[in-house]
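Shared between the two complexes below is chain A, which pairs with chain B and chain C, respectively.
The block that comes next holds the complex of A and B.
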């Protein structure tokens, strides 16, 4: 397994020190932490972790590794969920969190250029005075570089899209160490192949992203959130579908099942009814929001929803959404000592009810404690499987469950992953879903990283 | 001898491509050929005509997506969508007339391959943002598919985005799946008359940055406004800045009011266009019908950060003696000027480079497009990647060789 790691020797470490000085660590705890994400996947520590502060330093590090055929693993906040950062073949982990400058904000053009290590919350804090914000909010306070590399999305993709739609340009250190700017601040039309989008979602396998230009949005004039419980899952999903079909530009629409609501109540000290629930948020002008709210309330009441609870005040809204974002941790607290395996299928919304109900049945038949939570406006939902990692059988049962879930989604014309990505955990599902396209992806990988040093063993086998 | 190959099925297309790869023949890949004048002129052995792969394959309005064979005319797709009050939100432009072809004959494959989007691009995104998945045959003669019918999907490299805007140089799509969305109930356009280019960019930025969900922002200097078929615009006798608002009735009225409020201090006369006139105006803007496109004129499309628009526009005018108008809040400049052997290439690129933008020569005679880089030239490493990606998909150079970059 570690043929390449053999190239790691004192000489390489010295050369790395020549670039980053003492911003380098060989400590076991540090390496261990950098080889592990927030999932149940086994950790594979890198041989060394370096902390560059500039694009040029990253370029020098990659050049060094390329010359010696040593794997390079970019690392943001390590919150990915499919073993993305595992150093399967050892190598040099580049921790990008010291590239943390906001380079330029252009309020009139509504864009911002940041370094890869800026986190989404830090960015929005810095933007506050401009009247603009960056909407994409995965549950974790991830780095913009990591979010770009995983093509992340959050709770408001229905209205604002995902990283795919919101990255305008980036600076990338390629596998041979050369630095490129994939496009410019101008909206891209036709200046060659769309390399920007190719790097979005490349999971560190094509190059190291060091700067990203993002599209920003005006902070809406009015924002209103609501929580609404439903008698059953069908009614909740029915409301989601009718809302989308009515063309209501809802900003967030999240489904949490009764098990998840129970977990949230306990973890975040709330007292919601323990029923299938939708969390909504509406953005727009004052009148626009009122209109949206009225439409959705009517649709929900039609199918038997009860007690719409409104949160208009910022602190109430923040509390609500923080509870939603903490749902993974809330789940894990249901079974102390467990690790969460978050499934991630996405199906066409017309099949969503069917898919969730069959899955619910499977959960019961398998005898699992597994809350369901989802960004249902785009057909994406997670089952949180609580795994006792010490118990091998438990892991196997959960893996088999996930496999059935993926196959169910594929049969419904869906996908195995709506937002978490492939990493090394889902490579076989990628083949099941895309067949021949995987060989085309391999051709792309070989074109950009012929030595296969960039995060080897992820997305496609070379 | 050169032939035109016109497959009627995906299987037939695969055979054609396998044969071309084996023979090392190159193919000029086209839908209905409306955009054959777009890109570098090519010398290919044969022509691959995809218009036989036509028809809507799956359209269930409730699913909010459509799958169509790549040679399906956009006009057919739009007609089917209209019956269900839906649309392709990226507002595909019909550049046929600008390029000297008939109106309404472009195919969906062509729209995606050229990543053509209209004024709503600033709000709804480009063609590639609505392009969910495809089936294709690569230049290796291998069938593959990517993406699917769901809107969120992170299964490996985003091949759909690579194919969109690749001008048929990487793979030949047999079918494409794209989002379709409800059409707005009501459309209105707020006009400000007589703003200078610079003040217009500011005004548009203000409207776009507000909570009014603007879905189009264009500025027409007086001479271009005068060409409009909408009398309010042509009769203004001065420059016209237009901002579009779409949605349910009361909300549209409220937002128009809000934009008028934002613009109240501009000292400009404000007007409003209702649905029909709005539709007509935005179609003229989308299809670039407001420039003098008489025979012999050359046309550039220039993208810049929106606030640089007026400055770059001024420089382009000075350098070429032509005319311009602005879309995308100033981020898109259309320039037309008298034909000349170098298409004012150096001046255009210099003006655009300073602002951090890029320029594409959309219309010029084939000999000019053979001499002048049509697309923004890519410096060192970027050019290398382009070459290597092309090599990965199409090692024998079968598909549209040299259409984007000489020798690629």
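The block that comes next holds the complex of A and C.
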């Protein structure tokens, strides 16, 4: 699968070597790996992969590419899910993982500035002695640059928000190689257009994010987890709504349906009831956490929940959450040899029960084996479709199912993607969701990247 | 002061009447009022003021103006502070206060959709029966449209965030009259560029915001206030920092310096110690609030605070906060006949004590009478400069003082404006703050408003 861009030639490669020396690869295996993410989407390898170590090197690389109309694709850990890193038109892949410095930790201000290639686990290891942590947890040990570029969130967004709320500022290399800083470190500002939020979620299509300043939080004094089974999905979701209405600052509230619980029991050798289940995590002071747990237990019991189990000890909590984090592997074990395709709609929470129930009905009518897990405090849930990659029909059936699911969510004032992004997999859904507003996005893209060299073919068609 | 735009003529006025009938004014007093905000900046009256009642009417008005290259200036309650509503090049002022419907309240989703002219107090009155409220409180009873357009915040941003965090979606009339919706009602989304955040804080320069969907919060079970004096500013700010580090979810934490406390005592007939003082408000469950107050009292006492007074009863709390809200009038009473000019820097909290102390020194050296109040949980503070409006030198001295203050804040990685915005008063400071990034803002402006008719002369020069 060769996708050589028009102006890729020996001269360009030599010029790139002039910037990064031997931190450059033309090897097929390396290119193939950099054109593929964790999704079912087809891979498109770039023509060359470079490994800069500084923002200035990134700027020089982008200037070279701009002068020759060559596409630039930023790359982090490759854990995206909508083909974000595919080099659809070939070009230069900028692997940012060697920009891996933690530039400054400011404990008093509860912020940190990192380079794009620092992963969230690495960051939290480094922060441990400060008593602070960075909460956003999309599952994968993704890079902060990639999480920023895709507006990632995950299990504890219900309390701590998404990357949208937690990026204070960033350094960006623009499409012509200029380096800008989007904001200062002040907690709030009304100084001009919010460039920070414009680049969060821009998926490399407006520039290359090289440094990010993040909000941090104090490690809570007390943490407690709980798990609770419900007679049906409605009761589980009613508990979610009443928990949030009661103002309980729950840190995590995850729904797993009976199919998912069955898979977890088999995979993780647990013996949870095979019923719709909520996993909770509570953060706060010792008394505060006890109060939170008691409030939620009362709300759950009111709607017929059973088996409300607390876990305070770290090893018990870890066992519980490990089971949750392993849910994708548990699913795939249900159908050995299959590949997971995760849907990602997010709806207003008042429509969540209806959306999930209609989706369950669709799963049954389509004859799929498809567990559901959800970050239900936000109204976001994933159906894990198990695709036989050898079977083209299977993929088409799953794609049609996902399209029906997206249209159902849009009709409920929801979004086609709560946290995975558009990439090249959801561009048509973006139009269905935003209509005329997509033309405004296109105008922004064309203004900031008039040559369309920044990760072309993602988010909007130009 | 006539500022007739090039293409304002009888034909345009007739066409406008065709849209809004007699909801149009050419009266000098009306125009004069619409060209002036609450700041010291010169007023620039528009040529005509129209009062549409629907988004479609706004769209038709903008289309007319676009066809004739006539400036469009959106207007709410006129409570901005940097000349945001001044019709620098004349044009059509769109007074949005008749778009005053609350379109839909969704208690389960804890959101509400309103038209731009609904004020925050009106909204909270309407919400009372739902048990929900909208927390953002910039002091003035501003319109939600204006608060969105200026990225307003105020006293309780430390807990609830600013308009940036609390606007979920909006309807915008673009510069060519097209109507877009920036987002759905889902709590989070990774679907494309964050147009919502791009329009929050755009000050009418990218389009006219006509409808806004806002996050709501549960009215807390318990509310408590406290006031506490400190031996010096450092001790007060140390308490702010340790409160936030301890994870106390304080709803308000306001600093008033000794000059301000003296003014309040005189104006509101109180007898607070004339010392640096923190005003607190705590929201939560009954036990939670007690725990918060006890934690903060211990932290304050540790650094030598005295007179830690709680107020739980609503009338006592109201008396306390009324004194805080009247602080501007209290200041102006110090120098009868003066006009207040409020500075608005915001710095990382680790630099706040240093920034305020240097500023106090500057106040003394310049010989100003200038109290300081601050939303110190965010690092944001205002110096209230009392200007003798008859004395041109006085204005120049205050402007020079503000310039020094802004440069001091920028050197500390802060911003020239935490919550007031740029308008036409701070455009040079925007360049000092953002440098090269201003050219990115300009590119966005030119892409979305190529004729430069949307509130021209604000935020960026094109």
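We adopt the following convention: the second predicted complex is superposed on the first by the 456 of 462 C-alpha atoms of A that agree within 3 Å, B and C clash if a C-alpha of one lies under 4 Å from a C-alpha of the other, contacts with A are read in each partner's own complex, and residues count from 1 in each chain.
One rule holds in what follows: a residue touches a chain if its C-beta (ideal position, glycine included) is under 8 Å from a C-beta of that chain, and two chains touch if they have at least 3 such contacts.
Here the structure is a predicted model, which means the values were calculated and not measured.
Contact with both chain B and chain C is seen for A:443 once the two complexes are overlaid on the shared chain. By the touch criterion defined above, A:30 lies against neither chain B nor chain C after alignment on the C-alpha atoms of chain A.
When the two structures are aligned on the shared chain, A:303 is found in touch with neither chain B nor chain C. Of the two partner chains placed by superposition, only chain B is touched by A:222; chain C is not.
In the superposed pair of complexes, A:395 makes contact with neither chain B nor chain C. Residues 106, 108-111, 131, 150-151, 153, 157, 161-162, 164-165, 174, 178-195, 197-198, 200-202, 206, 218, 220-221, 244-247, 249, 284-285, 287-288, 291, 346-350, 378-380, 413-422, 426, 429-430, 433-441, 443-448, 459-460 of chain A touch chain B in one complex and chain C in the other.
If you check the complex, the residues on chain C that touch chain A are 106, 108-111, 131, 150-153, 157, 161-162, 164-165, 174, 178-195, 197-198, 200-202, 206, 217-218, 220-221, 241, 244-247, 249, 284-285, 287-288, 291, 344, 346-350, 378-380, 409-410, 413-422, 426, 429-430, 433-441, 443-448, 459-460. Listed in rising order, the residues of chain A touching chain B in the complex are 106-111, 131-132, 150-151, 153, 157, 161-162, 164-165, 174, 178-195, 197-198, 200-202, 206, 218-222, 244-247, 249, 283-285, 287-288, 291, 346-350, 375, 378-380, 413-422, 426, 429-430, 433-441, 443-448, 459-460.
Note for the complex: chain B touches chain A at residues 60, 62-65, 114-115, 121-122, 125-126, 128-129, 138, 142-146, 148-159, 161-162, 164-167, 170, 181-182, 202, 205, 208-213, 247-248, 250-251, 254-255, 258, 301, 303-307, 328, 331-332, 355-358, 360, 375-376, 378, 380-382, 385-386, 388-389, 391-393, 404-405.
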